[in-house]
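Got a structure for you, questions after.
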Amino acid sequence: MLPFAPGVVHSFILLVISSAVMIVLLYASRKGRVPKIRKLAAIDAIDEAIGRATEMGRPLHFTPGIGDFYGYDAPMTIAGISVLGHVARRVAQYNTPLIVTFAAPEIEPVITDVVKQAYLAAGRPERFNPDSIRFISTRQFAYTAGVVGILHREKVAANLMIGYFAGESIIIAEAGFLAGAIQIGATANTYQIPFFVVACDHVLVSEELYAAGAYLSKDPVQLAAITGQDWVRLIAAAFLVAGCVLATFGISWIADFFKM
Amino acid sequence: MATEKDWTHKLATIDPRVIFLLLLISVAAPLLMPFGLPVGISPPTTSTFKFIEGLPSGSLVVSAFDMSAAVAPECYPQVAAFTTHLKNKNLKIIEVAFDSAGPMFADQALRDVFGASKDHPLYGKNFINLGYIAGGEAAMKTFAGNPKVIQKDFYGKDVKDLEIMQPLSSARDFKLLIVISGSQVDNFVRQFGDPHGVPIVGAVTAVLVTRVMPYYPAKVVGYLNGLRGAAEYEQLVKRPGIALAGMDAQSAAHLLVIIFIIVGNVGYIVRKTRRPS
Amino acid sequence: MKLKVPLAITIILVLLQVTDYYLKVPVINTVAANFTVAILVMSAIAVGIGIISLTRIHVRRIVKKRPHSLESAIMLITLAIFILVGAVLGSGDPSYIYMFQNIIVPLDSAMFSLAGFFMASAAYRAFRVRSREAMILLVAAVIVMLGQAPIGEAFWSGFPILSQWILDVPNTGGVRALIMGIAIGMLSLTIRMLMGHEKGYLGTGA
Amino acid sequence: MIGLDARLVGILLSGGLTLMAYSFLYRENRVSRIAEHIYLGAATGYGVVLSAKYVYDNAAVPLAKGNTFWAIPLLSSLLLYFYFSKKHFWLYRLPTAAIIGVGTGIVVAADFRTRLTEQIKATLLPLFVANDPYNTVNNLIIVFGVLGALIFFYFSKELKGPTRTLADFGKYILMVTFGASFGQTFMARISLIIGRVQSLYIWPASILLPLAAVLVGVAIAWDRRKQRTPRVSAGK
């Protein structure tokens, strides 16, 4: 028996099962099994937004938020950067001006790298403008002030906020609206989602953020990971249904498992 | 037919700047002329108060300042109210910050409640301001595992010489963790509550309350809900302050926005019902 | 090499931290704890990158006489003052605290408080009874607002109770589902990373 | 030390900066831009000083005292600066990969438990509570709300029939959640405005108020003269 920390066994077992399910699906798709995913309107709207900025000949602003690479915000930042790769390739093709802003200096090299590679992949390395990658400030609301200023001064046509956002979400989103931009908001920081819902044209709600990069890549292996999300969702739902039904009759097997 | 100049159109498309101006007035006026609506005390505030009341004198309480200056109008009145309570109950206070602005407010709380911070004779004995530890959740984990990882306090004194730190070996020695935050409590539950079993009280912004509630009352034993929670706590510790004064401004602002929502919908509905004719 | 080595580093450290969380093995726990502190130091050092590129952008703007170069100059001067004073006197010095309290604090709060104004204008515009979803959103928001402010109680003593019920029951259900979904999504992203499919974070553009 | 005069100057300074920032509410203008750039410089500079202090206190000092472990993060983080090199650009990936590995590892392990399994555990409620219709209804709403909202996000195909109904219920529960969260936040943000207004009521910041009012009036009159056509309403 492994030397478990107290009260984590149930979680460990479910983590192993969930990871195994996802890994099996990834392998299956490598062997040519193409997973089916329904249309996700909010993610498809990203291309619409790029198109709109291109038509208007005005810049597209992208921000992965105020997150960095450690802690709670790390996965959201990574998911945002994954979408940035796709966005940058498109704007490179269409020659749409791009502005990327962020608040954590340690993500700057990655962002520059992603955007540069995207221009290279689109066969347009000369179109890459180093001034488009803008570290604003490490401090949350100084960052916000900077972004709000940019949205107005540079007449941004499309504003993509995809990553980790906190109290600044409504400020950036409403300022973007007042500046007349088409807006897409995406964050897994649950209590900021309502602000994107009221102020943005399209919203990727919580876990859709994590699915976005994979969905846009159209790579079967990555899509398999989204299918994996569904499998784990069904496993969680099955535990819930079984546990609640048993609890109704006063049987606590499932509840006991979760106390392990 | 509704035309562009129609009153319904006007109601549905008010210039946002009109809203901004009226909102500013609705906040500013009651602060000068309060009308004194009563403020009831909610159960989470009461349970916070009772939990602190129940701690034996001399227990170690950690105040974790995970607050930025931006949330100070909401959180600082809470800090002042419960620090007063901790002082009255003669509990030992360890202040630590996980946000760079935190130590300043920790210092201000000591000065407001005890009259002095680092120069107070009880500094290092009954309370200490450990300053800021960078790194968010990873820093919390490190601190929870070994609070003595901090070498110097906010004022540059060597921490290991100070009396209050002597009995500490891990977060298990904390009898209560007060999380002052405008961002989240999940990380504190993960790093202090779950692994070390430290009871947590949330001194949080109103936004955060929805995120605290799933943990209440099991892991988070009580919480203060933004400025309102501070106003309630001010009444419990019998120290009326700025939080109570702000409640009338809140009422006026809430009323104003609800009126605007109604006005907008009247414009919208009238236009919509007219259109088919 | 340029991708495999960093990928390997990520995989090893993710597995190390996961093991550390679930298992009590003193060696692993100690190593993991050391790494958590080490990355804090590393990311603190990264702040220099930000300063270099910030300076680069603003200096370029001034040199090329682009619009708003006056503002850029103001930015660089304030930046220099805050770094120099902090470096010379130390961050705990009363003068530095004074600068913090009278410049950063008011701007922090002023900027954040714009959220109040913007919530009002967004609520006015978005809370229209366009659809069943929008109506539910609006009604829940208004009830909770009336439950929060003392004025709600003055109208009807039931508002705080109803608002609390919304927060305790349907809201708890919704928040739980959201955060469960997020945990699942996060796992999916991590698996993609560890299997070497999600490489955006290594700068390769997905 | 800081005397009375410095205190008054401070109040005036913070009041002035607040009003400059608020002028943005009328429209983006030179005054708000200056406030913005002062803010950017000050906040970022302050951040640098704190980070430097952190590195000095927690790595440089222990290293100088002979704890060689600290050489590892200090040296490896220097690789980050290869970001500025054209040739060895990619070396920045090594320390970044380490930060991401540790950062993601910490959160994914803990979150799977705190956010998934602990939440399942908390939702294992009886669907029928004898003689207690209130709690029975509440439990049903929570359980079906969680199930519905989970299923609402189902990616693999469009839902039909009973699962569609469940997902719709989940969607409505999510809407209630968003509305409630919005309603709750509003008070918090108003608190911030209260904080700012209170600071402006303090003398001598209060002398700025009539000044600001006059300036805004002039700006409005100026804008009216410049474009006699009606201004854009509601933004877009």
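Letters A, B, C and D mark the chains in the order given here, with residues in each chain numbered from 1 onward.
Here is the rule we use: a residue touches a chain if its C-beta (ideal position, glycine included) is under 8 Å from a C-beta of that chain, and two chains touch if they have at least 3 such contacts.
Just so we're clear, the structure is a prediction, and the values are computed from it rather than from any experiment.
Note on connectivity: the fewest chain-to-chain touch steps from chain A to chain D number 1. The chain pair sharing the most C-beta contacts is C-D. With centres taken as mean Cα positions, chain B sits 29 Å from chain A. Chain A and chain C have CA centres that are 14 Å apart. Between the CA-based centres of chain C and chain D the separation comes to 5 Å, rounded to the whole angstrom. Note: centroid distance chain B to chain D, computed from Cα atoms, is 15 Å. Taken residue by residue, chain B touches two or more other chains at 14, 16, 20, 23-24, 68, 70-73, 134-135, 137-138, 141, 186, 194, 206-207, 209-211, 214, 228, 250, 253-254, 257, whereas all remaining positions touch fewer. Chain D has residues 21, 24-25, 33, 35-36, 39-40, 42-44, 46-47, 50-51, 54, 58, 80, 83, 93, 96, 99-100, 102-104, 106-113, 115-116, 119-120, 122-123, 143, 146-147, 150, 153, 174, 177-182, 184-187, 190, 192-193, 195-196, 234-235 in contact with two or more other chains.
Residue positions of chain A touching 2 or more other chains: 5, 8, 11, 15, 18, 68-72, 75, 78, 106, 108-110, 112-113, 136, 138-139, 141-142, 145, 153, 167, 177-178, 190-191, 193-195, 197-198, 205-208, 211, 226, 229, 233, 236.
In the complex of the two chains, the chain C residues touching chain A come out as 18, 21-25, 39-40, 42-43, 46-51, 53-54, 57, 60, 68, 104, 107-108, 111-112, 114-115, 118-119, 121-123, 125-127, 137, 175, 178-182, 184-193, 195, 197-198, 200-206.
Residue ranges on chain D touching chain A, taken from their complex, read 21, 24, 28, 32-33, 35-36, 39-40, 42-44, 46-47, 51, 80, 83, 89, 92-93, 96, 99-100, 102-104, 106-109, 111-113, 116-118, 120-121, 123-128, 143, 146-147, 150-151, 153-158, 174, 178-179, 181-182, 185, 235-236. Within the complex formed with chain B, the residues of chain A that make contact are 5, 7, 70-72, 139-141, 166-167, 178, 190-191. By the touch rule above, chain B contacts chain A in their complex via residues 16, 68, 70-71, 135-138, 182-184, 186-187, 194-195, 207-208, 210-211.
Looking at the complex, you find that chain C touches chain B at residues 33, 36-37, 39-40, 43-44, 90, 92, 97, 100-101, 104-105, 108-109, 111-113, 116-117, 119-121, 123-125, 127-130, 138, 142, 145-146, 148-154, 160, 164, 167-168, 171-172, 175-176, 179.
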